[in-house]
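For clarity, chains are labelled A, B and C in written order, and residue numbers in each chain start from 1.
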Amino acid sequence: MSSTRELPATPAPTASSGIKGKSVRRGDTVFRGLSRIAGIAILLTMSLIALFLVWRSIPSFTVNTANFFTTSEWFPDQTPPVFGIAALAFGTLMTSIIAMILAVPVGIGVALFISHYAHRRMSAILAFSTDLLAAVPSIIFGMWGLEFLTPHMQGLGQWLNDYLGFIPIFRNDLGQYSKSIFIAGVVLAIMILPTISALSREVFTQVPRGNIEASLALGATRWEMVRQAIFPFAKPGMISAAMLGLGRALGETIAVALILSASNSINWHFTEPGGNTFAANIALRWNEAGSTGLSALIASGLVLFIITLVVNVVARGIISRHAEFRGGN
Amino acid sequence: MTISRTSQFAALAMIGALALSACGSDGGGGASGSTIGGQPCVSGEIKASGSSAQKNAMADWINAYQTACTGATINYQANGSGAGVTDFSNGQTAFAGSDSALKDADRPAADARCAKGAAIDIPMVGGAIVLAYNVSGIDKLVLTPDVIAGIFANTITKWNDPAIAAANAGAALPDATIAQFHRSDSSGTTDNFTKFLTATAPSVWTYDKGKDWKAPGGQGAKGSDGVTTSLKSTANSIGYVELSFAQDASLAVASVDNGGGAIEATSANAATTISAATVAGTGNDLALTIDYTTKTGYPIVLVTYEITCEKGLDSAALELTKSFLTYTSSDEGQSKLTENGYVAITGDLLTKVRTSVSAISA
Amino acid sequence: MATVGSGKFERSTSLLQDALAGRRLPRWGVGAVGLTSLLAAYLLNVLTVVDGVAGTFLVAVLLFVIGQTGWSFTVEGRRHAVDRLATTTVYAAFLIAVTPLVAVLGTVLVKGFPVFSAQFFTTSMRNVSPRSEGGGLYHALIGTLEQVGLAALIGVPIGVLAAVYLVEYAPEAKSRRLSSAISFFVDVMTGVPSVVIGLFIYTAFILTLGLPRSGFAASLALAILMLPVIVRTTEEMLRLVPRDLRESSLALGIPRWKTILKVVLPTALGGIITGAMLSIARVAGETAPLLLTTFLSQSINSNPFKGPQAALPTFIWDQFTSGTDASRARAWGGALTLIVLIMILYAGAKVIARLTGAKKS
């Protein structure tokens, strides 16, 4: 170290041989090695996560007497063990889909509002607030959903049943509207909204001014400008924002565990109490799980891990296809 | 230049953190003595985890012990009986709180954790599982096992069902749908409640007993606190929770008639049932078998155990664990339970509990 | 910045349009339609089945959309009608989003503020019964600061170095397989749910290695959760450092690694710190991994490596699930504290970004 410290004082970069040159190279090798190790550490962590989940879930697969993929029940600790992820997969997908349907259009609308509709001073404040809200912890949304939102959703559930009840997903035969997949979806939508809008806003503000001005100069209205100049440019960014939101919704744990009336069955009446998700199931069952139960929960965690992996691969695929159109940067 | 600004910032943050760590204090001090429950204080720190049913009882005991013995710190994490037993078996904790005695499947691992001898179940906290309800105008309600099973199996769906009315002559039962709440997480409360149903109403309750709710219908809520929150915010609702949670939430609770007349859901009535339980364990292991069909006491009860090593607990934890459990099984400790909606262990059983605790040794 | 430019520009173009096309809605048009819709909705509320504040407001919005679009269509033509419809939709989206978010913050503020007191921040929950009032979250605050700080100590260097590798060294490596694998898995890592990371630390460190649960175990989980954000933001910042700066430094004979340490990283420092603080704010409220990896304590423990240690999220969880009025109030107080803490971190990140002139939004 001490020898290299004098280096800037050396007059010319010609000293590529000799002692000093060697230490230069050594310094470079060390630093390069360190940064490489850091990169490899990330790869290693990911493989370790996968490895441990697989290893620890194997015991449950060997004793399960039911089909892991088509069974809804979750009784890994009874003899014989019976458990499967059908209901978990159903609940996870449905809550996430509801969340996406609600949050993506609204999130993109908010992003547009902040980047191109609101006043400049106001938009800075709004941008900061949405960023901030993206970091409000899950447990707080869960407490709020349980104590504040659930009582307020009764009316909407009733209305959906009364006027749209002919569609199965809105029908409610029980007359009870709390603790449903629908409410969980709404809470998830609120949670992922800031993520989606913050990321979309970022790409919207990166749209080259030339594109916007050219569009307006041609006499386009503001909306036409948005469609012609902003959306095509920002499409990959919007998709990745939505996918990140989806990732957060799929894995959301504490909020869903607090809100859902977890029951491991498949019910298409979304406003009725019931439903469960991978992550919430882990939080709810981990406490009382025996050895098989724990292994079964890790197995469900593995499935969730694989699902998020697939979502990311798909998202990357879409983005790289669109990135070509965008013309590189 | 930027570097120096960063280091200034870091230094500032460091100073801030140090200043912060100097200004707090563990609260709730008070006069400190040197004895607790008629025995000398022991200093040190132990960890325990498990049953959330005994969470608030543990909190009160720990507070009392730590107040009397300022050198002791006892940490109890209410992460559930299953996790508690796993923690104990892995050597993470000195004892586990559990809603059920050690299962055959968990026994080898628990015994292996103890350097010498076996792990023992010591019943310490009793509880009454009550049927809490929220129906305006009804402040007294009597239910029979068949009616309870019918409500939770969804064969009785209206409050003015003839079966309910038959046991509650004169009550103005509303013509409303029953909103039934159960636990959505795995729990010992559900385990004991469904054991009661299978024992007393086998013809109506056709579902299995266990830690997980298996009947269709109704609504689930996470934790006893989740059930009471839901009951309070839902009209015409009923659910099963531990007595202490119903009291904390000021909910009305039903009496249960096992065929010998209605028995109120009180701490004293539940204590009758628990003290009549037979010991199924051997030696100092006090695993209990409860008679849910009793006609003399309140029948829906649960007993939570402390599971620890009879011999061979690590020396660092041994003295404090023994001293703490001696305190909890003393008259002083057990009387704290009744104050807070739990059920005390009484009679012969309490004597056996004290014998088991005194047998804990290196 | 682009907003102002386009706004000005747009105003002048619409003036031009006015001159060319003439017919636009009068300036008071929007207000008039809005007022009429509100009145009509109110009448409907009184006279017909429409009821409730939310329902009435919804009808008013619907009437406004129909009225404005219809009027605009007849006066200004289809294109302007669509534009007005889009504007209304964007404003509506904003309102729809703001309502629940304000409700969340409002609820936390209203329920959490009453328990705030000097005692709440300077004492622990030691010897405080769940039923009685009083006690505090000092022990949890210390725990969170230490756990998150430790996580940053582990996560930030690894994340920054990995980003340095991706930006500075990978382009000239013989094979791009390693760098594209790293970059792919960083993306995947962003999506791995926190509960899965918690399960990983639990199975690896606690079940397999038999280590006790501790604040440090939580730090490891949090560090993994922080990594992807740090790598991504640092990468972005490093790419913004002008090539000339690197090249002139190298041309002076300064070795590569010193160029990176003394020229590239300091230039990007503001952005890197911002990214690090944002990632810290993200993980500070994580609950699920902490439940699996820490041992809850009611007493102060300032050593994250040994013994049970509380944290704000687990404090909130514990108090919320105790189910008494006093403990619920403390849980909301903890929630408010956590939000304020995160807000401070965010504001800090913004201030640093501004001071150092980083262009990260």
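Details
The rule is simple: a contact is a pair of C-beta atoms (placed from the backbone, for glycine too) under 8 Å apart; a residue touches a chain by one contact, two chains touch by 3 or more.
As the structure is a computational prediction, the values presented were derived from the model and not from experiment.
Taken as a graph of touching chains, this assembly is fully connected, with contact between every pair of chains. Comparing the chain pairs B-C and A-C, the larger number of C-beta pairs in contact belongs to A-C.
Chain A and chain B have Cα centroids lying 37 Å from one another. Put simply, the C-alpha centre of chain B and that of chain C have 38 angstrom between them.
Note: centroid distance chain A to chain C, computed from Cα atoms, is 13 Å. Counting partner chains per residue, chain C shows two or more touched chains at residues 207, 291, 320. Within chain A, contacts with two or more other chains are made by residues 147, 286. Those residues of chain B in touch with two or more other chains are numbered 52, 79, 226, 229.
For chain A in complex with chain C, the touching residues are 4, 7-8, 10, 12-13, 15, 24, 27-28, 30-32, 34-43, 45-46, 48-49, 52-53, 56, 105-110, 112-118, 120, 123, 127-129, 131-141, 143-144, 147-149, 155, 190, 193-194, 197, 201-202, 205, 207, 209, 212-213, 216-217, 219, 221-226, 243-244, 247, 250-254, 279, 282-283, 286, 297-298, 301, 304-305, 308-309, 311-313, 316.
Chain B makes touch with chain A in their complex at residues 52, 79-83, 85-86, 103, 105-106, 109, 177, 179, 184-188, 208, 210-214, 216-222, 226, 229-230, 233-234. Those residues of chain C whose C-beta lies close enough to touch chain A in the complex are 1-7, 9-10, 13, 17, 52, 54, 79-80, 82-83, 85-87, 89-94, 96-97, 100-101, 103-105, 107-108, 157-162, 164-166, 168-169, 178-179, 181-182, 184-197, 199-200, 203-204, 207-208, 224, 227, 231, 251-258, 260-261, 278, 281-282, 284-288, 291-292, 313, 316-317, 320, 331-332, 335, 338-339, 342-343, 346, 350, 361. Chain B contributes residues 2-3, 5-6, 9, 17, 20-21, 23-30, 45, 47, 49, 52, 55-56, 59-60, 62-63, 66-67, 73, 75, 77-79, 90-92, 223-226, 228-229, 245, 248-249, 340 to its touches with chain C in the complex. Looking at the complex, you find that chain A touches chain B at residues 74-75, 77-78, 146-147, 150-151, 174-176, 178-179, 257-258, 260-263, 265, 273-274, 284-291, 293-294.
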